[in-house]
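In what comes next, subunit A is part of two complexes: it sits with subunit B in the first one and with subunit C in the second one.
This part shows the complex of A and B:
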């Protein structure tokens, strides 16, 4: 009797997991395998026939200037994003954490950007850049300010600014959560020892935040490297390829006017290798520190 | 004497702190005020300009509207298409969320309570592989797969959301469920409950907080997502979700920006209302999800 019950339970557990196993295998794992496969063909994405070319695409890409331009742009973008996210995120978290009155109000406003769609954020800022900046020009004593999105020196920074405007909320809230786990006694004894506000931050808050900072830095780096929405909606990669992040390049190569589907897949395989490596680093660090998981 | 010294120290440090506290408070308040301005100012501009006609907006971009002119709103709401896009977004978000909210905790329960068996351990590691995979490498082949399956539509999108929600969801729930005491479930099973009954009568009540975290994270993702709908649905106008509509609005209405602003505001409205009602739960739910994953 008991054995029967156990078998019945085992069967229901198995049946429960089956759809997940199938969906995940077909749409997730199989897609990755297909991605690797396409990266070794010469398929343009449209024609019926294509050939298997082994690693030819990888050789082509490594000699391609446009690809290296994208890699440079992407890394500059991602690294700046990490720096700004950590610095501004920690500062905002310290500020928000010490507010006594209107705490909920401040937190709600600062978190608000995380609620809206990235496209809406991008398009609103696009309009602000186009319509508001010329109107603000007299304030700075100049005749006109053009949208930075049309300027190939400034466009990347403008996109980054819009990206940060929205994406800062989450790391900031994580920093606040990290700060609230610091025991109050440490601050009390620091005050008794005559530590200034800055000393308290430097010798109590910051050391306790190191694991949180590390995890946020890696998550932001991954987010920056795979960033897509803002550049797509704001500039589409231009002007003069100055905002051609790797995500945009993959999209254009795959579905643009002159599709090079297999090349796009080669690029995404390389992107996958970078992200996988970063994830391994992230897991190693977080399992060692034991503060944050995955 | 010895008892005076520490007091002196505290006293001096207090005096020394007063000036410093003032500087620190001013710096903090300036930071916060600058942040508030940076966040609210663009939203304010969008809001005031959607009550203006194109003419009025180009004359005075920063001024308050001369009257509460609802022409833009009316025009937008009268176009059949707008409601179609809202409907598409609602369909995709609700169906995906309903399936995910039932399906992911159940799968995680099966995995969490059978970790000693090889198949379930494999399944867990297998699903966690998703942590290493950026969306780009899946998206290109998936478009080809979906197009050969004739699924470049809302249902295809829903199926993908369900699949792509697995990694984070299973990770959160498996760890959460494994931390729960197993004794109650064993007692229920001795009393003759099946696995499914045990789950719905007991486990489900214990994991409610985690379910709300999952719902908040995933609803925001489905509702606001741009990349997946862009890859899958951009060619078929009838199936656009709100973010795709907003994106394509840029090219179609770039000249009539008060109209575009109206469209953004009206698309934001549902999110805004929900956020105002339960921002406390949303922030704490998202934090819990982010800190744990």
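This part shows the complex of A and C:
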């Protein structure tokens, strides 16, 4: 009787999850498999016929300088993104957590950018860089302040700044949630032991935040590597390829005027493999540290 | 009961018929500039007045070329769309059977035969109705030129530099550039390079084919690079961070005396400042008679081969309508580019230097007519790098690397 009920429950659960499973299979698994398949063809995205070329595209891409330039730019961007998100996010969370009055107001202010679409944010900042920035020149006693988007050395940082301005809210909220799970007794004990504010942060807050930092780092790293919208709207990959993230390169190769869809798919597959590898490495390392780990 | 049934059936028929009549036919047009957008809207208003039972809806979006390609690859081809028939990407679409052949349609006889010839596919057939001709030129503010005392327009590179020096001496900034977008840098590069070195495109083709390298012909490419840098010495500050719209706005409002751009921007510039005394002259090379004017078919209209018969009929009707001289004239007047249709005039004497140059036959087409978009896109990035660094050696090396990278 008990076994019968168990089976019936299992069947119910299976039926409930079936729509999600089917949708996931179609939109994710099927797409990924199809992507692998097209990466081994010579389909340009336009032709009605194409040939199977096995790993020829992989060989071509691994010798291509433009691809490696994009990979370098993307990794630089993603690593900077992770570092700034964690550092500023934690500091912001500590600051917001220690605010006694108008707590909700301040949290709302910092969360506001997250409510705007990324492309809209990019376009707003584009105008700020082009039109507002030069008008600030007299305040600093200089003749002109050039838009960082036109500077090969600064463009990536400008895109990163806009990205952070908009996307920092979510990691900060996660950090605040992580902090609220730290028992107050630990801080009280630390104070009795004569710990300074920094010591409290270093020896109490930080160890408890490790799992949260891990989650944020993984999410941000993934977001950084697959980033597309901010750079596309702000710079289109320029100037001189300085913000040519791999996402933009894939987009241009796939849907440019003379498309190379199979090449774009090959690039996507390589990106997929890199992200998968990084996630495994990061999860393995971070699971060995933290307050409740050996 | 029978009466009720008959009434319901009749109602269904009326609803179905009205739905069929109200079906909109999409016209996907690729130009984001304000001039052509207004021009199409005006012509379409006339078309709808003459054909109240047909509704054509214009769809204009950013990054239109990419979106169009994406739509074609997913089988969602707009029934009517604009494209560039001399470009290699267009020929690819024709080769794959996505575009309806227009041969046999009477309205093609209204087109300038030279433009028909230019727009023909490899098979000698016409797949797009050429509507307007584009050209790259130096647009200039006639009032500023007159105030500074510059007579006539420069016909050689040396004369152009002399004009720039005179403007600088009078406290006027000669050029407004907008180099934030690599595509705009590329248009300037294409025009200047062909004026400086008329055989440049064929040479690039030979590099693409692996028969030569840019380094083998470094002096010619170095000269082009030097001239790009030289012109930017006369530019408004922060040109690398300036978008094309701001470049046109700066020029239209008199912040600079000249602007190197395509005829596609003429209408937009005049919309920014309708009182602007706007002239244009060809980008000069060393010898006037030997420096070609960069020109090609700009707006051209085509019909999807996969559209329904009804949509094709609507498309042909629209093409016939827009090719009538009075409508083509209206379109050209608003857009600002010379029409490809016979019976139209482009009478603005202020752009006479360009029209005269075109009439000499010393003209050349865009890089895209001979090389792929990947090649031009990569080249543009290198030229953008040159403007940032001013490193001519890296630029020469970069051009070869760019062509190799684009060969993927």
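We adopt the following convention: the second predicted complex is superposed on the first by the 250 of 294 C-alpha atoms of A that agree within 3 Å, B and C clash if a C-alpha of one lies under 4 Å from a C-alpha of the other, contacts with A are read in each partner's own complex, and residues count from 1 in each chain.
Definition applied: a contact is a pair of C-beta atoms (placed from the backbone, for glycine too) under 8 Å apart; a residue touches a chain by one contact, two chains touch by 3 or more.
Just so we're clear, the structure is a prediction, and the values are computed from it rather than from any experiment.
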item	value
Partner chain(s) touched by A:170 [first = subunit B, second = subunit C, both, neither]	first
Subunit B or subunit C, by number of subunit A residues touched	B
First, second, both or neither for A:107, with subunit B first and subunit C second	first
Partner chain(s) touched by A:56 [first = subunit B, second = subunit C, both, neither]	neither
Subunit B versus subunit C as contact partner of A:31, first or second or both or neither	first
Which superposed partner A:42 touches (first subunit B, second subunit C, both, neither)	neither
First, second, both or neither for A:261, with subunit B first and subunit C second	both
Touching both subunit B and subunit C, residues of subunit A	45, 126, 131, 251, 254-255, 261
Subunit A-facing residues of subunit C, complex	65-67, 69-70, 72-73, 87-89, 92-93, 96-98, 179-182, 237-243, 246, 368, 372-374, 377-378, 381-382, 384-385, 388-389, 401-402, 404-406, 408
In the complex with subunit B, residue positions of subunit A that touch it	5, 8-9, 12-14, 16-17, 19-21, 23-24, 27-32, 34-35, 38, 45, 91-92, 94-96, 98-99, 104, 106-120, 123-128, 131-132, 135, 165, 170, 173-174, 176-177, 191-192, 194, 196-197, 222, 225-226, 228-229, 232-233, 247, 250-251, 254-255, 261, 264-265, 268-269, 271-272, 275-276, 279-280, 283, 292-294
Subunit A residues within the subunit C interface of the complex	44-48, 60-61, 64-67, 126, 129-131, 134, 143-144, 146-152, 235-241, 244, 251-261, 263
Contact footprint of subunit A on subunit B as seen in their complex	6, 9-10, 12-13, 16-17, 20-21, 24, 28, 31-32, 35-36, 38-40, 42-43, 45-46, 57, 61-62, 103, 106-107, 109-111, 113-114, 119-120, 123, 126-145, 159-160, 162-164, 166, 170-171, 175, 189, 194-196, 220, 223-227, 230-231, 242-244, 246-247, 249-250, 257, 260-261, 264, 267-268, 271-272, 275, 279-280, 282-283, 286-287, 290-293
